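Think of it as A, B, C and D in the order they're written, each chain with its own count starting at 1.
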Amino acid sequence: MTAQRDGDAGGGAAVELQGVTVGFVSRRVLTGVTLRVPRGGRLGIIGPAAGGKSVLLKVIAGLLRPDAGAVRVLGHDLAAAREREVAAVRRRVGMLFQNYALFDFLSVGDNVAFPLVHGGAPPEGIEARVAARLRGVGLAGSERKLPSELSGGMKKRVGIARATVARPELALYDEPTAGLDPVTTSKIYDLLRADQAETGGTCVVVSSDVAAVAGFADTIAMLHDGRVRWVGPAAALFDADDPLVRSFARGEEREGAAVLARAVAIEPPGAGVWS
Amino acid sequence: MALVPRRSLTSLGARTLDLVDAVTDLVRVAAGTVSGAVFTYWRGTRPKGEIARQMHAIGNRSLLFVMVTLGFVGMVMVYQTCLLTTQVVDGRGQVGAQFARLLVLDVGPSLTAMMLATRVGAGIAAEIGSMKVTEQIDALRMSAVTPVDYLIVPRFFACVLMTVVLSIFGMAASWAAGGLTGYYSFQINPRTFFDLSMVAPAHVVLGMTKAVAYGAAIPIVAGWCGLRARGSSEGVGAATTAAVIGSSFAVIVLDFIISAIGLIFWGAGL
Amino acid sequence: MILQRTLTTLGARSMAVARDAGGVFVLLLEVLRSLVPPSMDGRELMRNLYKMGYRSVPIVVLTALFVGALMVVQLAAFVKQFGATALVGWGTGYAVFREVGPILIGLMFSGRVGANNTAELATMTVTDQIDGLQALAIDPIRYLVVPRVLAMIVCLVALTVIGDLVALIGAMAMSQVVLDIHPLTLWYSLVDNLSTADFLHGVYKSMVFGAAIALSSCYFGLTVKGGAVGVGRAVNAAVVGAAVSICFLDFLMTYLTA
Amino acid sequence: MIALRGLHKAFGGRPVLAGVDLEVSRGEVLFVIGTSGVGKSVTIKHLVGLLRVDAGEIWLDGARIDALPERAYAAIRRRVAMVFQSSTLFDSMTIAENVALPLRKHGRLRMAEALADARRRLVEVGLGEFADRWPAELSDGMRKRAAIARALTLDPEVVLFDEPTTGLDPINARRVDRLIRALADERGVTAIVVSHDLASIFSTADRIAFLYQGGVRMCGTPAEVQASADPVVQQFITGRSSGPMETPGF
């Protein structure tokens, strides 16, 4: 029923990646990543640090263009589209950034209203929708506060409110629970679950908290060294055939050590134009 | 055996690519800013009063700083010139008129802009740079908003206007401080000192052209540096430094170019 | 009403300025006290000398070249009008050695090195690296600040000397092109009319400016608050503080040595 | 060995700690747990004088240390090391130079000797081949282990860990856990660990102190904590979203 919206020929897939490769200067971040998320699906992406998880999320959001491969999001080919067309797709996608990325010069209310204001929503309904959304994440009445007055957990929820206020068809969450204690973590996942039940949209979550994300997602993909090492139902993760995946998920050392025996080369700091 | 030259060649190649990349970025930011300011400004949905807020941030909060520094420079310049002129022949009568000419033609706008390059350039680069590394720029793009239009264009308008205004305030402060120095240290009659006879309209035009050019260059260079920030807070620091150096240097180069053009067009009439 | 508000703002702002000035002064005292048994981390000193001095040469040379040429462009109309070609070298040299050289190179140095230093220290502060040093029982003043102050003074003096010479080269080239004055004419006009004292005056100034830039940049770097945004604010405050103190000290030194 | 009595601390008028009492004996691994923002890190920063108490006493080996002047803390900081949440390696030095720094400053070793010693210590934490890398080139887990190696250079009696496993993937987290356990078992080092990582808490701790609303709600062995009838403690250790617990961030 929803599959044919907006000339969607993807056969019901919200995200389809085919052989996506991304390389920065001298280092490959993603190599031939192929993934498919059906509409209404919940994909969890796990993997060791700097394995390309956040980069993959930015490729799906159209913020980064792959060097090779095809990216179809909500029926549009983002790898080949012009910037204007990509921007139009982005309006239908919501994203929670790893460090919330709240606009620190805007109040909480203006932050949440931002996608509506700039998405061409009729101005009269905005205030009510923002209030409703803030109530939804348990922050009713904090419209006038500034992001700097909030704690980490509250900022995360404002970020979630901003990502979901325009009822996106695809919601991307980058580390929604990093650094939070177990109780707050499960409250956040309750929130994501409730949101999805309400909008029927698609979710992609990147997280290093393997146990928590496995409890939320229906499908798990593990990225290792920029490649998809394993994809399967979340329930099968802890008993995966691949010993590396299994021991990573369980936090066992022996085989998992291979995951770590690889230094991550990052550009040297402070290489500016003038220095 | 061939490893060393190949390596240095690769690094040279990478550096050249980086430089080309940086320059392309600068051109893109400059073009985006100018076209955003001229063609599409009224189409955007920027928060109301953004330009006024930027004018306040750039102007009001630099006013004291600019006037204090320009005041001191005025004192020093007049003091030095008086010392010199009294050594050879007593040319104290000429000092004020000469000072006014130099102030309008060059020192006023250029020094004001040098000061703004440090204060405003650093501010813009730090603000935009920290937005970049905390992914706020990406969050803007997620709402289909162009960062150059949303962030740099209002600062561009505000900075052009405020550089002109602050130059005038700075000149006034410098002139007044110079006059006081002349009166108290060298007994120059204020009426002799505050003499505008050597300032021609061409000087005013040239000086104000400089102010406008500086005002346009600072937000573009600083915004460019901010948007190129990478990494974490140290990336913001590097971007800020680059912005201060880049915009100060832009001021010096523009000063040189515009002065040279003035010299070619007006010649000895200046 | 408005008057009252203005006065309140002015009062609050002067309090802030007084607090920062006091903080810089206290830092100066602490640096001096740390020098009493003269011990310093040699590696940190060498690293900073290299980073602050050697790597600043290109930007200083470029700036000085343009500034020297600019001085001639400014003088050109005047010289043409009165035919005072013999005075170009003297005028340029006097201005560059005593004022323009130390001030502009000081401002550039503050922008490149001072700001970078503030950013580095501020980043260390907000990422708890200063706490980390203290937790290792290492005194941050002795380990971080003292070598930086010394390195900045040495570097700024050296760069000012280099800058003075390059500015003269720029002036020579420009006067040859615009005014058709032979470089040697300019050189004789300079050595005949200027004394070593004029040159040294600028060197003394750069010494004082170096200390001011170093103290200001270290102070604002170590007292930063509030994450990445705070780092930007600290850098901003440091360059502004350095610029104001350069102009103020310049005035003092010109006035006192006259 | 370490005792905190009635520790009070407020920031900007907002009380964070309101009477924390805690005793730690020699060679013990004590975990301080609780929700984000409850003041766990604040508590341990008092032990090395990075924060000063508003009221209360801190005792180290029978000597009261909360009122010492800043200079006197240098001696304490050599005995009590701290590993920060962000690993606080100095960006301008390689890993080996980072570890060598305290040796050079306090052990009066020459650069070459200090570096050799540093390399040996890096091998112990499994970073031997990365000694000459820059901190920015390593993963979070590696940086964390390098920071631990640096904190151990002066052979401290007590090591304070601030969220050593936060942000690490499961494998790295378990590695750090084992390192802490080995320190206590093989070298008799006392460890105080701030954490809310349930897996490391129950695999590593000798005793657990649960911080809640400015005080110690419960203190006991892992078995005692697991058997606790307190609904707040139960909610925390099971990570349930519904329950009586007040989470200030939520």
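We take it that a residue touches a chain if its C-beta (ideal position, glycine included) is under 8 Å from a C-beta of that chain, and two chains touch if they have at least 3 such contacts.
For clarity, every value in this text was computed on a predicted model and none was experimentally measured.
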- request: Check C-D against A-B and say which one is joined by more contacting C-beta pairs.
  value: A-B
Statement: At the largest C-alpha centroid distance from chain D we find chain B
Query: Can you give the whole-Å distance between the Cα centres of chain B and chain D?
result: 48
Statement: In whole angstrom, the CA-centroid distance of chain C from chain D equals 42
Query: How big is the gap, in whole Å, between where the Cα atoms of chain A centre and where those of chain B centre?
result: 41
Statement: Shared-interface residues of chain A (touching two or more other chains) are 104, 269, 274-275
Multi-chain contact sites of chain D, meaning residues that touch two or more partners: 91, 136
Message: Please output the residue numbers of chain B that touch at least 2 other chains, ranges allowed.
response: 134, 231, 234, 238, 241, 245
Chain D residues within the chain C interface of the complex: 45, 48, 50, 73-75, 77-78, 81-82, 84-86, 88-92, 101-102, 105-106, 111, 150-151, 154
Message: Please output the residues of chain A touching chain B within their complex, sorted ascending.
response: 25-26, 58, 61, 63, 87-88, 90-91, 93-95, 97-99, 101-104, 106, 110, 114-115, 117-119, 162, 267, 269-275
Statement: Seen from chain B, its contact residues with chain C in the complex are 64-65, 68-69, 72-73, 75-77, 79-80, 83-84, 102, 105-106, 114-115, 117-119, 122-123, 125-127, 129-130, 133-134, 232-234, 236-238, 240-241, 244-245, 248-249, 252-253, 255-256, 259-260, 263, 266-270
Message: Touching residues of chain A toward chain D in the complex: what are they?
response: 47-50, 138, 151-154, 157, 178-187, 189-190, 208, 210, 247-253, 256-257, 259-260, 263-266, 268-269
Task: Report the residues of chain B in contact with chain A in the complex, numbered from low to high.
output: 14, 18-19, 22, 45, 47, 131, 134-136, 138-145, 225, 228, 230-231, 234-235, 238-239, 241-242, 245-246
